Every structure is written in C-alpha cells, then in structure tokens.
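Listed after this line are the structures, all set down as structure tokens.
One chain, chain A, appears in both complexes that follow, with chain B as partner in the first and chain C in the second.
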Partner chain A sequence: MISLEVQNNQSFDLSVIPFLSKEDFRNSVLEGMVCGYRMIGLTPLNNDEPEKLISILADARSSMIHLTGGVFDKNDLKFESFANLFPQTNYFECELAENHGYMLLNHPWLRPVRKQNMISGNKPYQFYKIDGEEIHEVAVGPIHAGVIEPGHFRFQCHGELVYNLEINLGYQHRGIEKLLLKSNSSQSIVLAESIAGDTVIGHSYAHCSAIESLSKTQISLRAQVIRSIAEEIERAAMHLTGLGGVANDIGFSLVASSYGRLRTLVINSLALICGSRFGRGLFVYGGVRFDLNDEMVNSILNNLQIVRDDVEAVNQYLFSSIGALARFENTGVVQNELAAQVGLVGLAARSCGIEEDARIHFPYGAYRYSPVSLINLSGGDVFSRARLRAMEIDESLRFVIDQLENLPDGEIKTNFGNVESNQGVIAIVEGWRGEIVHTVFTNDEGNLSHYKIKDPSFNNWYGLSLALRKTAISDFPLCNKSFDLSYAGHDL
Partner chain B sequence: MEIEILQGIISLLIILGFSPLFAGLINKLKAVLTGRIGAPVWQPYYDLKRLFKKETINATVSSFVSRISPVINFVTVAVAATMLPIGFWKPLISFNGDIILFAYILGLARFIQILAAMDIGSSFEGMGAAREATFALFAEPIFFFTLGSVAFISGLSSIYDIYYSIQLNNISYIVFIVICSISAFLLAVTECSRMPVDDPNTHLELTMIHEVMILDNSGIDLFLYQYSGYIKLFIYAILEISFFYPFSAQSYLVGVMIFVIGSFILALTLATVETITSRFKMKNIPQYLLFATAIGILNLLIYTFTK
Partner chain C sequence: MKDAIKVRILQRDPVVHDVRNASLPPLFRGLPIIDDKVCADGCKKCAEVCPTNAITTNPVSIDLGLCVFCPLCEESCPEKIIHFSNDCHLSASTREQLTVTKDTKYITPEKASEKIIKYFGKSLKLRQVSAGGCNGCELELNALSNVNFDMGRFGIEFVASPRHADGIVITGPITKNMARANEICFEAVPNPKIIILFGACAISGGIFKESKEIERKFLEENKIDLYIPGCPPHPLTFINGLIDWLDKK
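On to the complex of A and B.
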C-alpha cells in the first residue's frame, strides 16, 4: 500500500502525502482495507480542490494512520465505490458525494447524510420501502413527543416486528466545519466544545491536540493528566446518564433516579475544576485553564469515592433484576461480524466483541504513561451495552482516583506558538461514545484550510438500524438509548 | 328512599371529586420512594384546569368519531362510577345484573376510544389501538374470574349486593376473597395502564399503549380523556378496596374509614410496584394477563371443591 504513515497527533507536511492516479488510489485503498485497516476519513484536501481526495485509514495493530491521496479530473469527479466490498466505507462515500459532488459508480445505496434532497437533481429522497398487505410503515420525528434532538426514523414493520429502520438526520446541521475555518482561536475552542453538547471534553480535547500539533506546542505532563481526568469524569458521568436513561426506558424508576443522583455528584466534580458541569472552558491551547489544588483534589476524591460505592450497589440491583434482564438480554442484537463490517466504533463496537479503544490503540496524552484496560463484551445486545457502560464507569473512576492521588507537578499551560503553514494532522480521541477524529490541514499563510470532524455517532447510527432488525418496535427506544448516539455530533 | 338517592349522589360526587387526588397521591408517593420531592398531590387538578382552558384542535382529516369519543368516554366512565358503593352506601344505580352492565359500559368506552384513535390515520395511534384491543381481550376474563366468581358463589349479580354478601365467617372464604383481590389488583394495573404493563410517565410514543391513543387530542377533548382516566383508576381502586369492607362489620363509619385507609394503602402499593419493577416486553403482557386469569380460575375451582 502506497501511503503516508503517521501516528495519532503527529503533524506532517502536506506535500509528503502521495497523490496517486485514479486506479492506483483505488488499488492502494483496497489493499489497506484488505489488511484490516478501518476507514476514519474520506475527504478532499480542501473544499476548493475537491479533485484531490485523501483517504484516511487507521490500523489498530500498529497504531498507525495511513493517508493515501488520489487526483481526479476536476470536471469528472467519479470513482468506483468501495462499499460493495467494504460496507464500512458506505457512509463516508455518501458524505463525499453529498458535500463535494462525487459520482460513485455502483454504489449500493447512496442516501442523504445531512441534506434531505441530495443526489439526482434535487428530487426528494425516496425511503426504502417494503411492500405487502400486512406491512405498515411508521414514521417517527423529526419532532418527538419528548424533549430530545430531532431525527427522522422510518420503520417498515410487520405487526410489532421491525424489518427495516432507516434513519434520516441532518436537522441539526450548523456548518461547524466551515465556522471553524473562519473563526479566531478563542472562538474555535468554544465551537469545538459545542460540536456535541454531551462530549464537550472529547471534542475540545481532539481540537486542542490537533491545533497544538500543528503549532508544535508541547504541553506539560500536569496539563495532560488534568485533561485525561476531565475526559474520564465526562465518560463516567455520561455512562451514568445513559444507564439512567436505559433504566428509565424500561420504567425502572428507582434505578433511574439513583443513577441521576450519582451523575450529579460526578458532574459537580467537573464543575469544581472548571466551573462548568460539562467541562466548558477547561481547555485552552497549550494546556488547561484551571489548576487543581489540594482542597479540590480532596473533595473530588471524596465525591468519586461515594459514587464508586453507590454505583456498585445500584449496578448490582439493576443487573440482578429479572425484569430488567428480561428486557435487556437478546434485545437489539448486532452480530460481531456485522459490526466489524460496517465499522462500528467505541462502546457499540466493544459490546459486540470488537477490541477497539483509541486510548489503547492510538494512545495520546496521559494514556501513553497510565494505560486503561480494554473492556470488551461479546453479546452485542442491550445488556452488553449497558453492562459495558457500568464496567467502564468503574475503570474510569479507578483511573481518575489513581491520577488524582499521583498528580505530577508543573505548569498547567505552556506558551502556544503559531500554526505552521502547509501542515496536516489527525487527532484521535476516545470520547465516551467512541472514537472522535479531527482532521486539520493548513494553507500557505498558516491558516486552517480544511477541518473535518468525525464523531463516533457518524459510524454508529447505522449500527442502530442493524440492531432493530427483527426486533419489536416497542423495544426501539430501549435500543436507541443503549446506543445513546448524538444527533448534533453527526450533523455537525 | 330519598336518603338512598342522596347517598348515591354523594358517592358519585366523591368519586368524581377525589379521583384526580388519588392519581396525584400515587405520583407523589412514587416520587418520595425514588428520593425526589415530586409534584404536589393536587397536580392532576392543575393539569385538568390547564387543559380545560386550552383551545381544542382537531386533525383536519378526523371525522365525527373523534369529536364524540371524549364525551362518550367520560359519560360511560361516570355511569360506571355510579354503580360502585362507597362504604356501605347504596350506589345510585344498582339492580340485578348490573355487574354485566358495569363490565361492558367500560368496554364501550374502550371501543369508542379505539375507533377514535384509528380515525385520524396516524400510524402511532393505529399501533396503540391494536395493542389496546389485544390486551383488552386478555384482560376481560380477569374481571369475570374475580368479581364474577364472588357473584357465582353468592348467587347475586349486583355489585353492591355482591360486596355486601361477603362474610368473614369461614377461613377458606377469606382466602378465596384475598386471592380474588390479588387478581383484581392485576386487572386494575392493566386496565388503568400502570406499570408493569404500560408506563404512564413514558414520553416514548413507540412503547405507549393507552397514552399513544390520545396523542392527537388537545384542550377539552384531552381534558375529558384525562379526567376519565383518573376516574377509571379510582373505579378500579374502589373495586379492589371493596373486597375489604366486611372488616368494617357493616358499620357506615368504619366502612368510610376503611375506604380512606384502603385508598392510601392501594396508592402506596401501586407506587411501590411502579418503583421497583420494570416494564414487561410487549409480547409478554398476554402471558401476564393469562396468569391473572389462571389465578382466578384456580381460586374458584379450589374454593368450590373445598367448600
């Protein structure tokens, strides 16, 4: 495979990316994927030059990221789709077609990603339909009965059984990638924080890592540890929210409110550090804005110790309740092979038995020195996803308590230089939901010229569709909550 | 005679007046049990007042069925309420065979509501109507194997007479009545769309059974639906509590006290059940209902053979 090999957060000169001809590009990318690499990006060099396409493949075994470029004819942007052989590229190709007008030959199922009327002459997109006397179609959303984000779901059902679910998103599109190119440095962090409101730390971490790599800024060990502490606190808090949501969806109100109470303690710990319960304002280029003092460390330790003990009791209660287990087990199953084929990431992948965790496979920040353990379950059902989250809470709390007890000394913020020109970087962060990828390129003047964000929700929404096959429609909310995907993160 | 009519009217007014309070009490207890402060017990009254003031909007595709359904629903439930005794006061409507009228006038309410749900043609409401109809099919026998078995044993067929006839002189009869009351509790849970069959607090339209049928109603229509929902809950609570009237030794005052204490205990039981259980899978609900029917049948058989 002809490619540029880089590590996570390693900046590289744009001129060293090999740009191949159409055929060589195809062969090289196919070769990579045959070796088991996973696509994490398919994006042009910048929006003005859609003909220079870059495919970004990640190899978990060697912790390397492979970039391969391809040059196409500007007036005839088309290539043979990879999706027939490697379904994981399907959604990336749809996005490419939608954003940059590529024609994909023999694509199995070209569907809109964020815009409702895309391909084929601005005609409204026709949903996949099943015909038959007893088939009925249920359309849910984009306006829902509860206060949740907008998304449209089309179910093709036979009685209570779902045969196909199609998910249509894009109602939250804010143009973040374009805004990031136009904004100054103090605005960018705020923008990055609001990519997905529940992954503030994850996205601002990825954004800061990318910009710091581009400007060759080294951040201190203390700042790295504080960042990881914040990330793990966010993970624990969101897993508690998710478990509470799952319990609430089966009407298990005692457990749901217990998780809610514990989550408050966890997010309050984050507020102790930076004043925001969601961690807004903690990250700056070159480190973190707020330092930890002994008093804070003690009260956070105190909080987390309480959470640790109580979570154990609540988990015990939830996962030994027959009613809850009857709802969780064998509901919304995604088979291991299928999950690997469509390229699920993060907790959805780990609950299907796929070993995948960017903190371990593409280590960054403090995880290079203090590793976390990889937690993996093989069921692929709602139970596995819920149980995995419960186990990850334990691991996150262990990590945070360990780190707080051994905080390294040092500055929390180093001087931040200027972004260098004609550079590129790929920053991978394991957010609580899964792998977050920020791909950033700069131009001749040292301004950002291209910014591509991939939230884990981008990969995993299709997993939800798969989970719903041959599942009762009344179990949809439970499955949805067990995946706990972001609409805003997908829509950008 | 006049005094009996007056007592009947007072009973009806008590049911109409206090039914939202009973629902509010359950919600309050549920909140307390899960460690929250919760909405005030008067919240259902505020909700009803708010709905009463709101504008009623009907779907443009809806026919007259949607318009008459809330009224019919309310009236039928109110008529059912007039057949129930509070304490040992004779209800307003009481005649031989009113147990059948009671069962099927509630059936009429359900029938018209299912029609109205399908009237708009929304896929959710159709789904909810299908579920409601299916589960009603399994719920109906429970009624006849609880109150019906007592009627069968006593040879009476008026709800008031049936409850009045319950005596506590025989230990196997007491066991029979207690087990009937358990079956009746399972019936109440199903009929009033409480946990673990239906979740009254869910906002997830795909999992709803009863709630989803009234998604498209607003204003006064929704007011009537909600109000009849509260009354229905209270009606089934009274059906349940009435099994324990014999303990009052047929005194009016003790009967009323049992009614009040019984309501509170029942609200607490419902709240506890809703706190510590999770909902069933939709496909397991018929099994649950058949289980309640089976208890009723066995109970009747065992009592008949051991008498």
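On to the complex of A and C.
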C-alpha cells in the first residue's frame, strides 16, 4: 500500500503524506485493511478542505501507523464505502458524511452520529424497525433512570428477546474539536480533560503527547513515570467503578459497596498527587505539574496495599457466587470474529480474545521501559468483561506499586517550545476503556488547523448493540454496565 | 457465607462521619484566598492565564461560577496574592456570592425559604440531568450514594423519575441536543421544585462557554436555588451546601 508510515507520537511534515487520486486511494486503503490493519481515523486535512481526505490505519504487528491521502472532487464529494467489505469503517464513514458533507455510495446503513434524527443532506432519519406479529419496540432515553449521561436506545423485541438495539447518541455534543482549534494553551488542557471526565488522564495524556511531539519537546523520565502511574491509578479506579456497577445491577449490594469503598481509596490517592480525585491539573505541556515526595509515595503505597488485599477477597466473593455467575456467564456474548470485524478496541476487544493493547502495540512514555502484561479472555460475555477488569486492576496496582518503589530522579517539567508549522502527529494512548487517538495537524502559522479525537467508545458502542442480540431485554443494564462506555467521549 | 462475612469485616467503618469538618488532601483546591496586597503595576497575569476568564484584576476577584480550579492563577501570580485553600464549603444560593474577593473568608448559602425547609427539610429527592456533563460531575454525584459519603443519612437521595423528585440537579453546560429533554424533565417535577446547578459548566458554561453547541435559555427563565462550584465539585461541597441551605445542622 502507498502510505506514510509513522510511529505513535512521531511528528511528520504534512507535505510528505501521499495524496492519491480517488481510485488509488481506495485501492491503497483496501490493501491495508486486507493486511489486517485497523482504521483509527478517516478525516480531512482540515475543515476548509474536505476534499483532501486522509485515512489512518494502525498495524499492531509492526507498531506502525499508515496515513494515506486521497483527493476528491470538491464540488461533488462522493465516497465509495468500504463498509460492506470491512464493517470496521462503517461508523467512521457515517461521521465523515455528517461532519464534512460527503455522500456515501453503497454504504450499508447510513446513521446519524451526533446530529439528532438527521442524516447527511438534511434528510430525516428513520430508526431501523422489525415488522411482524408479537414484535414490539421499546424506546429508552435520552434521560435514564440514574445518575448517568444521556443517550437514546431503541430495542426491537420479540417477547423478552432483543433482536436489534439501535443506539442514538449526540446529546452530549459540546463542539470540543472546534473549541480546541481556537483555544489557547491553558484552555486546551482543560478542554482535553473534559472530553470524558472519567478518562481525564487518558485524554490529557494523548493531548499533551501530541502537542509535545509537534513542538519537539522531550519530557523527563520522572515525568513519564508519574504520568503512567496516574494512568494506571485511573484505570484501577474506573475498573473498580465498573465492577461495582456490574455487582449493583445484579443486586449484589455488599460487593457493590465494597468496590465503591475501594475506588474511593484509589481516587483519593490521585488527589494526594494533584489535588483532584480525577487527576485534573496534573498534566502540563512538557511534563507534570506536581512532583511526588516520600510522604505522598508512602501514603499512596499504603492505600494501594489495602486495595490490593481487600480487592482479592471481594473478587473471590463475587466470582465464586453461583448467583452472580449465572447472570454473568453467556450473557451479552460478542463473538471473536464479529468483534474483530467491527473493530472493537480495548477492554471490550480483549474480553473477546483479541490481542489489542496500545500500551504494548504502540508503546509510549514509561511503557516503553516498563511494560505491562497483555491480558485477554476469550468468552466475550459479561463474565469475561468483568473478570478481565478484575485482572487488569491487579496488573495496574502491580505496575503502580513497582513504579512508586523505583521512582527515577530528575525534573518533572521541561521547557516547552513552540508548535512547529505544517506538521502532523497521531497520539495513541490506552485509556481504561481502550485506544484513544488524537490526530492533530498544524498550519503555516504554527496554529492547530485540525484536531480529531477518537475515544474508544466510538468503536465500542456498536459492540454493545451486538451483545444485545438474542439477549433478554432485562439483561440490558448489566450488558451496558459491563461495557461502561462514554457518552461524552463519543459525542465530543 | 464465610466470604460474605470476610468482605463485611474488611469493609470496617468507611463512612465520613463528620462531613462538616472532614479534612481533605493538602493539595485539594477549594476556596481561593486572596491576600490583601497590591498587585504589581498593571500586572494582569492571573487574568491572562485563566482558561475560563474567571478573574478580574485591580482589585483581584475570582468568579467561582466560572473557575475550573486549575492552579494557573496561583502559579502565575508574582506576588503570591492568590492561594487555594482546601476548604470545600463553597456552595452558594446566589450567583453574586460566588465572586471571591480579598474580603471573602468563607462562602455559605443563605437559608432556604420557610416553605422549602418545611417541604424538603427532612426529605429531599432529586433527579439529576446530565446536559453535556463530561461524566466527571456525574461520578461525584454517584459517589454521594456510596458508603463513604452516604448522603441518604441526611434524607437526600437521587430518584429515577422526575415525577418522584422535588427538584433537579443539572450538570454540564446544557447542550442544544439536551435543551428540550431538560425542559421536559423539569416540567415533570411537581411543584414546589428546586434547581441545583452542579459544576462550573452548569453554572456558567465553564470551559464550553464559547461553544456554539450550547443553549442556556432554560437557566435565564428559571430561578436557580443552589450553585455548587467546582470542576467537578467535591461530594462534600454538595452535602454541606444542602445542609446549610436546608438548615439541617
């Protein structure tokens, strides 16, 4: 395939991206996907030049990212869809049509991504409907029963069984990508922290890595280690939240409250480092804002040791309970082949037996020197997703404790230079849900000209739809919580 | 059974018993303290670095409704005039109370009307509406029901249906796409009802103030009862705000 090959966080000159004719672009991208590359972005060079389209494919085996450009007809933006051959591109194409006015040819199912009830060309959108005797429709949301973000779900059911679940999002759309283009540096970090408030560290990590690469800023080893400590603390905390939610949804309240208590200890550890329970304010361009001292290290180690011991007992109680296992096992199954075809990422993919972890396949920061283990399970059901979380908590705690005991010396902040002009970078971070991708381009003046964010939820919401097929509608809350996807991260 | 007992024993006593005086981590950024010093000539550094333009200078004042509690102003001030304390009592009953000046030593909401205290003083059920919230505020509101903060002991709980609620708690800047749903939800709450704004985005639009995708008409048309500043606010800010407002001390 004809492409520009770059590594994670490697900045490149925009002029070296090969821009091919429409036909060559199509052939080249198809060639890449035949080789098993996964799409992580489909976005124009900038909002004013929608005809210059760039496809970004990731190859986990070689840790390389492939960028291929295509030049389309500005007055007649028509895009021949890949989605019939490679369903993983489906949603990227829907987004492209919605954001940049592309008309999709031969697309299997054009759906709105963030707009309400409208598809490209301002045509009204009709939800998918099944006809037949005894078929009924259940509509839920946008406001749900609980303290949770908004989204609309349409179930096509036959009796108790769900035949199709359509997920309609966009209620949280705040226009982050556009705001990032006109904001100054102090605003940008706060915006990045607010992409998904449960993945503050993940998104600010990706954002800072991208901007640091564009300005050729090297950050110190100590800062890198503190960043990944924060990332793993966030992972452990959110996995504990997720497990608590799963336990709560099956009415297992002692376990749910225990996970809740342990999570408090974990996020309070993050507050010891930076004052915020979610890690806000920790990241700055060129490193981190707060340093660790011995007293902090000891209190965090103390907290995490309690968590480590207690979580083992709580896991033991949950995963040996026959009642819990009966609800978890074979509920909401996503088959391995299907998961690979639609391009699931992160925790959802690893629970279907797909080996996929950006910390290992596209290593960055401290993970280059201190690797983490790739953990995956093959069941693809609620049990696998819950169990995998429990295992990842152990691994994260091990990593954090290891790193805290062997903190490298040095500065925590390096001087941050100016962002260079006409450059681009792809920054990948493995957030607790999965792969976060920030694609950033700059213009002649060295200002940001394009900012594209891909949260793992963008890939994985469709996985939830698949999990619900032929599953009882009463299991929806459990399945939903086992994926624990972000509305804000999807809606941007 | 043995596992259950073990888990219960490990639970110990995690409750924050004294929510009024609970201590927070030293780095926690709560009420900013502004020293009674004079700024260097024409210095506007704090206002320039503030991501949400929450600061006016000469004399320095900070609007906590906009503040996202990043420590940039504290860092940039050459005279060290601004300093974030770890006091989490920040809730206010009027928007004006949220402006912190050198004279502000504490913020406490004025007591609710007699009618509100009579109706909701012992039991308050709230419906939360996430209208563009990033899930940071939502997580902190969820944390209120966990074993540590256990808000239920004060008679305050979140309910599923607005019809069962006495008021709504809004998080997020109110996106265009959620504006109508938010109105419908509030209409469904029986009278008398209250509105609580949780977090900088809800109070002022916060970092999203300039976005074209938000629609904040609802807030102009309705009376706001309680403001809980923060990004996200600490659960104790919420609990203490309600305790003060409903006079539950």
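Everything below uses one rule, namely that the second predicted complex is superposed on the first by the 487 of 492 C-alpha atoms of A that agree within 3 Å, B and C clash if a C-alpha of one lies under 4 Å from a C-alpha of the other, contacts with A are read in each partner's own complex, and residues count from 1 in each chain.
By definition in this document, contacts are C-beta pairs under 8 Å (C-beta built on N, C-alpha and C of every residue); 3 or more make two chains touch, one makes a residue touch a chain.
Here the structure is a predicted model, which means the values were calculated and not measured.
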- [ ] On the superposed three-chain arrangement, identify whether chain B or chain C touches more chain A residues.
- [x] C
Task: Which superposed partner A:261 touches (first chain B, second chain C, both, neither) - done: both
TODO: Give one of first, second, both or neither to describe whether A:208 is in contact with chain B, with chain C, with both, or with none.
DONE: neither
- [ ] Go through the superposed model and pick first if A:146 touches only chain B, second if only chain C, both, or neither.
- [x] both
Open item on the list: Quick check on the superposed pair: does A:138 touch chain B, chain C, both, or neither? Answer first, second, both or neither.
Closed with: first
Open item on the list: Once chain A of both complexes is superposed, is A:300 in touch with chain B (first), chain C (second), both, or neither?
Closed with: neither
TODO: For A:113, select first, second, both or neither according to whether it touches chain B, chain C, the two together, or no partner.
DONE: neither
Task: Touching both chain C and chain B, counted on chain A across the two superposed complexes - done: 145-146, 254, 257-258, 261, 321
Open item on the list: For a test of understanding, state which residues of chain B touch chain A in their complex under the given definition.
Closed with: 30, 33-36, 123-124, 126-127, 195-196, 199, 201-207, 215, 274-284
Open item on the list: Under the stated contact criterion, what part of chain A meets chain B in this complex?
Closed with: 136-140, 144-146, 160, 247, 249-254, 256-258, 261, 321, 323-324, 326-327, 331, 472-477
Task: List of chain C residues in touch with chain A within their complex - done: 3-4, 6-8, 10-11, 14, 24-25, 27-29, 49-52, 68-72, 84, 128-143, 146-148, 158, 160-161, 172-173, 175-178, 181, 185, 201, 207-208, 210-214, 231-232, 234
- [ ] Using the touch rule from the top, collect the residues of chain A that touch chain C in their complex.
- [x] 114, 116, 142-143, 145-150, 170-175, 178-179, 182-184, 186-187, 189-191, 194-198, 200, 241, 254-255, 257-258, 260-261, 263-264, 268, 271-278, 280-281, 289-290, 310, 313-314, 316-317, 320-321, 486-488
